[in-house]
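Next come two complexes built around chain A: one with chain B, the other with chain C.
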Partner chain A sequence: MPRYAMVIDLQRCVGCGACSIACRSENNVPDGIYWSNKITETSGTFPNVRYHYIPTLCNHCDNAPCVRGCPTRAMHKLDNGITMHDPDKCIGCKYCEFNCPYGVIYFNWRNAHPYWRDETVLIEGCTYSPADMTRKAGGKILPNYNPERDETLAGIRPKGVVEKCTFCDHRIEKGLLPACVEACPADARIFGDISDPSSEVRILLGKFRPFRLREQLGTDPHVFYIRDFNPAHYQPTKGGV
Partner chain B sequence: MSRTTVSKGLYGAWLGLLGLIIVAGLVAGIQLFTKGHYLFNTNDVILWSLPLGVYIFLALTSSGLTILASIPLVFEVRKYEPIAKRLVFLAIATLLGAFVSIGLELGNVFHMIYIMLSPNLSSPIWWMGFIYSVELVILIAKLWRLHIGDWHSSLSRLLAIVSLIAAIVAPLMIGSIFGLTESRVTYFGPVMSIYCLLMALLSGTALCLLYHFIHSTVTGSDASEVTRGIYDDFTRIFSFALGTVIVFTLLKIAIESATVVPDFLNYRQYAQILGGIGKFNTEVILGLILPFILMAIPSIRSVPTARLIAAGLTLVGTLAMHMEILLAGQSRPVGPKAEQYPEVIAYAPSGYEWMVLLLSVAVVLLLYTLGERYLKLETAPE
Partner chain C sequence: MNANRNKRKTLMKDFFDDIRLSRRSFLKASTAAGAAVALGAGLDPELKMLAAASGTGADEMGQWLPATCQGCTSWCAQQVYVIDGRAIKIRGNPNSKVSVGAGCPRPHLAIQQVYDPDRIKTPMRRTNPKKGRLEDPQFVPISWDDALNTIADKIMALRANDETHKYMLMRGRYTYLRDILYDRMTKIIGSPNSISHSAICAEAEKFGPYFTEGLWDYRQYDVENARYILIWGADPLAANRQVSYYSKVWGTVIDRAQIAVVEPRLSATGAKADVWLPIAPGHDGALAAAIAHVILTEKLWHRDFVGDFTDGNNRFVLGQQVSEADFEEKHTHGLVKWWNLELKDKTPEWAASKTSLPADQIRQVALDYGRAAPHAISWVGGGPVMQVRGAYASMICHALNGLVGAVDNVGGTLAPNKVHTQDFPGPDAFMDDIANKGKKHEKIDQRGRLAFPALNKGQSGGGVVTNNVADALLDDDPYDIKVAIAYMNNFAFSCGQPERWERALSKIPFSVHITTNASEFSWFCDILLPNTHHLFEKYGYIKSQGNGYQHVSIMQPIIKRVGDYKTDESEFPWLLAEKLAERGFDNLLRHYKTYKDPETGKEPTNSDEFSLYALKYATHKLWDPALYEEGDKFSGWEAFAKVGVSNSAPYPFRKRWGKMKTKTGKFEFYSETLKEALEQHAAKHNATVEQVMEACFYEARGEMAFVPHYEAPYTAGDPQKFPLLFVDHKSRLNREGRSANCPWYYDFKDLDPGDVAGEDVAKINPLDGTKFGIQTGDRVRLTSPTGTIECTAKLWEGVRPGTVAKCYGQGHWAYGRLASKVFGKVPRGGNNNDLIPAVYERLSGSTVRHAGTRVKIEKI
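Our next item is the complex of A and B:
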């Protein structure tokens, strides 16, 4: 059985956000919820200033605090290492979200996509309402609804339960890469089986010294970061007193 | 107009008021489950708010009452038997109020069946739910045994022992829900469990004293010498409970002040959501230290009104302390959520959250009222 992991090459990542857009489209993610997200940080003061960008997603930890704490095993591990969620078992206690050290789990506070449920037309007899638009487009709640998401998880998660990245498990089952990996124009995301010594992820992890987020907590995340983008240079110096 | 007529009128008005609050609370509850929990002033940073604080407060208070009831029922201190049945009943009613609050806090209470069908034994929430459910069933069975006059049979004692164990373990589980969250170190690890147990004893004793005062005032019943003796003793237990929570709180403040662990440095910015004087939060001063001072002075301690004030302040103070701890540990966004939310999130309960509080309290008060009327709570063995 493979054990899936992702390597994110920060030198290749251009911070375009295509991963997040692809994720949103693939998984019908509602407004305000981010399965694929980022941590941005500015260090230093002008003119010696740097901008840091770290893409984030569920780390699919081996020792996942969200899985350990879930009272109904709605949050659970698949054999391939993916941390999966079953909305049918979720009681909406939000303990997984509370327990996640990475801030990648979100709660559905309301019915998803309220805008597209709206039946109000802007100009009577002239324009469609958002809900009309969805119907005309043949979508389900969303005009651009992706029905493939339904294959392993509710296509649109109901209110009162949590949701998060699943490494696009429905695509992996069909031998496809996660949508964020596929969409990355810079090939900054490398996905594969970490238990296979010849996989690209294993090769990269051997070649570069990776780091993981909040590694000291012992959660054993399976999203690894390698390298860093830094075009700056400086004159060799020994400093001074 | 006779006194009886006035009493009946007041009783009806009281029931009517509670009924109104319960109906309004149920309407709010229906809206929560049809529209969603965005009606709370919560978000993906402050996930748990007033309804959860009310749950913790009521559940711990119920545990405290059960522990008090165990003094006569498990440890066989016979002189406390006259109030044992009432304590068991109060524990049941208070726990039911807690369940109302948590039920309305959960996003999908209709999936609760999976607590039984798909249990996760590594989850402190599962254990908390399981133990409190067991405790409720056992307490109801115990009340029934007491009601039919079975005080000392093996079954009756077994029920009392199991309910005591549940009442001790359940607060430890509530504490571990927070304490096991390794990513939020300000919740203080295993110490949080001990804190919850102490708070259970404190709020349980405070409620017992407050209830006695209000009950004897409303019914106009003069307490017997025996009953007065019991409540004098319970006032001492109350003082000890206050003292232990103060020691714990001082220790907590000292650690928070001395450490340079970054999480604690951040935590200090919003550790006084309800205001404070120096290092002391308002609720600590008014809900712990002031009642302790009142109860430490013998001439004041013996005055019923002083006990009422001390117990009342303590109950409000413990709820506020639970809220303070709950919110302070959640005020900063975790990881990428800092991209969406400000560095520190302010929180004030919404009308719906206040309705959950009112509904839970109204259910508890209604049960107290009906229990007093129909269950002969002052009975004791011959």
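Our next item is the complex of A and C:
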């Protein structure tokens, strides 16, 4: 059985966020919820300033606090290492959300996609309402609803349960890469089986010294970061007193 | 929810410490490289492309179909995943050597454009005869037949009165089927007024390359072989051009090359650069002059391209004139003249006083850049050039490529490769006396007048002066316009001082807008026609260059149309031609019938066939093996349509050395080509070149007009009253100002460095925040001499003190429910163009976007 992991090469990352928007398409993710997200920081003071960007997502931890704290086993580990959620078992207690040290689990406080449920029309007789657009396009709640998401998880998650990144388990089952990996124009996301010594992720983790988010907590995350977003050259110096 | 938000905030705060403190190697297992077997290895090239084209994995419900993204002018080849005629998602088309299977955030947003509920679904007619910003047009739906009959009647009335020149066609975003509507239809009706949007894009960027190396075009950059990349006011990782390709390779490029970014605000590309040069806006020419000075005094020019002193001794010494006889040039012209006229005194110390950059930093950049010759790119973007005095900045920044021999060279700046598309049949045989007479009138935009040289390809009045059309209309100078058709443009939003357009458009008695959304421009029109979305719903093709190739990528209808949309550049003109024929004027329809299907020889009988045949006709040489020239080869139309993109042959490096399309055939540091163009323009007006310079607000007099040089910026606004310089920039989410009605635009707005999700922010340095009593999150009012906007303040270290940086794209008061705060009334955020005066870089006709105005900021 493979153990899936992701390596994110920050030097290759250009901070464009195509990963996060592609994730919205693939997984029918509601507005305001970010299965794929980022941490940004501007460091320094003018003119010695740089902007830094770190893509984030569920870390699919081996020792996942969200899973340990779930009273109904709705949040669970798959054999391939993916931290998966079953909305049918979820009672909406949000323990997982509170236990996750990465802030990547989101609770659905409302029916998803309220924008697309709206029946109002901007110019009477000349434009559609969002709901009508979805109906005319043949979608489901969303005009661009992806039915393939529904193969392993509710295509759109109901109100009162949590949701988060699944490493696109429905795609992996078909031998396809997660949507964010496919969408990354910079090839900054490398996905694969970390238990396979010849996999690209293992090769990279052997070549570079990786780091993981909040490693000290012992969660054993399976999203690894290598290299730096801004590997700038500079004139050598010893500083001064 | 709050808990989560707080947690995320805490996480952000301690995260960067985390990286430093908690790195632990976790895996020590040795790894063995696995040899990946490439998809389709062993197949012939076309079969490989087809394999990648269909790309449908086992168990996938839909199909990946080829498409082209025109969200910016990168024009990338993409693929759309379609299930039952519905677009689900987008990815890069792996068959393009230009966009190399990559994309960016923009194509994904296109999904929310095509299914935007606020897209107009039917032709519409205005019922309120009064036109104005405060007048609700009171649109009602009408049929295509009604709409076309009305338009045809209006055109026939012009023809009956010998007033066909009072017909105007305005073009915004186009495909290369454009000539059907833009050129042929306008000419056959009998008008000179096909007005493109080009001058609000970046024409000034083409000025420098044209008058140095004879190239009126955008360039491609061989970044993978470069050792230094000096970027002027361009942001290739976020906006224009080939964002996909540059994103794909940048992680490798920054290993090999030093990258310096010249821009007053920290851009996406600046964020990953070695050197950020936050220049005082408008002084780019001074920095370029100092770099050139250092390259010459330090003898770093590329001798294989430029040549050398006859005795090998460098006489380029600070302040000293050099004799032209002492230097033997190879592929360049006028180096010594340039030194004597402009460069000899332009030290880094001098430039420091203009640019507010440290002299030692300027010197270091110049040395590093020069030492990387010839693999040293000087990449000229819109920043330094879309300015009142930007033409010479365009020249001097681009001229650095000449000094280091990067022009047309490995690791340098390249021209587009040749691709073998073909023009449509000519219109002349179909232009009657009325048309020939009408076409002879002066064009509406006043191009070619003394103060509007618009020297596209060196021709006086050769280029458009888009934004001046509003003033021409307001002044009825040269005449009034009675019938206007516009497509995929929004000049009442996208041009500086758009309020002029509101008044100008209100004056036109009959105007038609072919558009996807009821935009600011539409508000003043009589008929709106629902357009198709380029990525999913129409036939078309584009040409785009990058990675040492040019591709031709096509658009095809690949999803079910939800509304009654028709394609601007092909279906609409055909249908209108039919209506005109019904009225006894069949010249246009007869002309369109000459666009025969190259496969069958059949002439088109309806708008669908016409659209398809036009595309097949224009791309005939690319897909017909009997006409094969070079680049990708296909077995026929069907195979090409399935792959969706054709690549040129690889780049022929250094082929243009000594054969440039300038007057001397060389790279001109002293531009004989510009001299001739300016003298011709002056002679046309019985004027002198000096008078042309004066009319165009340039400082150059005498020989200075013919060499690349620094000019002080020309900026509107009294510094006492308007203390901050306004810095406009583009968003990596902007689909040319058309994505502001997409929910994702707001959720991801913070992908632009310094910006905030859900907000439209004016970014100022914290020092200025203190000075003006403004904090992050404050509502603020920005006022320039020409307008006022309201938005949110953001204090950010990535902005030069004394400037306010704001991203273009928001501030719509129409377009849709999300784009505007109250549709038709109140803008959401602020439109930068309200602040920017309608001024020009007149030598190219370009609209000014940068260093154009000063503003004041007030807390509301």
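Keep in mind that, in the parts below, the second predicted complex is superposed on the first by the 240 of 241 C-alpha atoms of A that agree within 3 Å, B and C clash if a C-alpha of one lies under 4 Å from a C-alpha of the other, contacts with A are read in each partner's own complex, and residues count from 1 in each chain.
Note that in this section a contact is a pair of C-beta atoms (placed from the backbone, for glycine too) under 8 Å apart; a residue touches a chain by one contact, two chains touch by 3 or more.
Only a predicted model underlies this, so the values are computations on that prediction, with no experimental measurement involved.
Peer 1: Comparing chain C with chain B, which touches more residues belonging to chain A?
Peer 2: C
Peer 1: Looking at A:Y102 after the superposition, I want to know if it touches chain B, chain C, both of them or none. Which is it: first, second, both, neither?
Peer 2: Both partners, chain B and chain C.
Peer 1: Could you tell me if A:M133 is touching chain B, chain C, both of them or neither one (first, second, both, neither)?
Peer 2: second
Peer 1: Could you tell me if A:R73 is touching chain B, chain C, both of them or neither one (first, second, both, neither)?
Peer 2: A:R73: touches chain B, not chain C.
Peer 1: If you stack the two complexes on chain A, which partner ends up touching A:R214: first (chain B), second (chain C), both, or neither?
Peer 2: After superposing on A, A:R214 lies in contact with both chain B and chain C.
Peer 1: Counting only touches as set out at the top, which of chain B and chain C does A:W35 meet: first, second, both, neither?
Peer 2: Touch partners of A:W35: none, neither chain B nor chain C.
Peer 1: Tell me the contact category for A:R24 with respect to chain B and chain C: first, second, both or neither.
Peer 2: Second partner only, chain C.
Peer 1: Once chain A of both complexes is superposed, is A:N146 in touch with chain B (first), chain C (second), both, or neither?
Peer 2: After superposing on A, A:N146 lies in contact with chain C but is clear of chain B.
Peer 1: Go through chain A and flag every residue that touches chain B in one model and chain C in the other.
Peer 2: Comparing the two interfaces on chain A, one with chain B and one with chain C, the shared residues are 32, 34, 38-40, 97-98, 101-103, 106-107, 109, 213-214.
Peer 1: Name, in rising order, each residue of chain C that touches chain A in their complex.
Peer 2: Answer in residue numbers: 1, 3-5, 7-8, 11-12, 15-16, 18-19, 21-34, 57-61, 83-92, 102-105, 108-109, 111-112, 115-122, 124, 139-141, 237-238, 243-244, 247-248, 250-251, 254-255, 258, 266, 268, 270-276, 278, 364, 518, 528, 560, 562-563, 732, 743-744, 747-748, 750-751, 753-754, 765, 767, 796-801, 816-817, 823.
Peer 1: Could you pull out which chain B residues touch chain A in their complex?
Peer 2: Where chain B meets chain A, its residues are 33, 35-38, 42-44, 47-48, 106-109, 111-112, 114-115, 117-120, 122-126, 129, 177, 180-184, 330, 333-340.
Peer 1: In the complex, go through chain A and note every residue touching chain C.
Peer 2: 9, 11-18, 20-22, 24-26, 31-32, 34, 38-47, 49-54, 97-98, 101-103, 105-107, 109, 115, 118, 121-123, 125-130, 132-134, 136-139, 143-148, 174-176, 179, 182-183, 185-188, 194, 197-200, 202-203, 205-206, 209-216, 224-225, 229-235
Peer 1: Taking the complex as given, what residues does chain A use to touch chain B?
Peer 2: Residues in contact with chain B: 32, 34, 37-40, 56, 65, 68-74, 88-95, 97-104, 106-111, 158-162, 213-214, 217-218.
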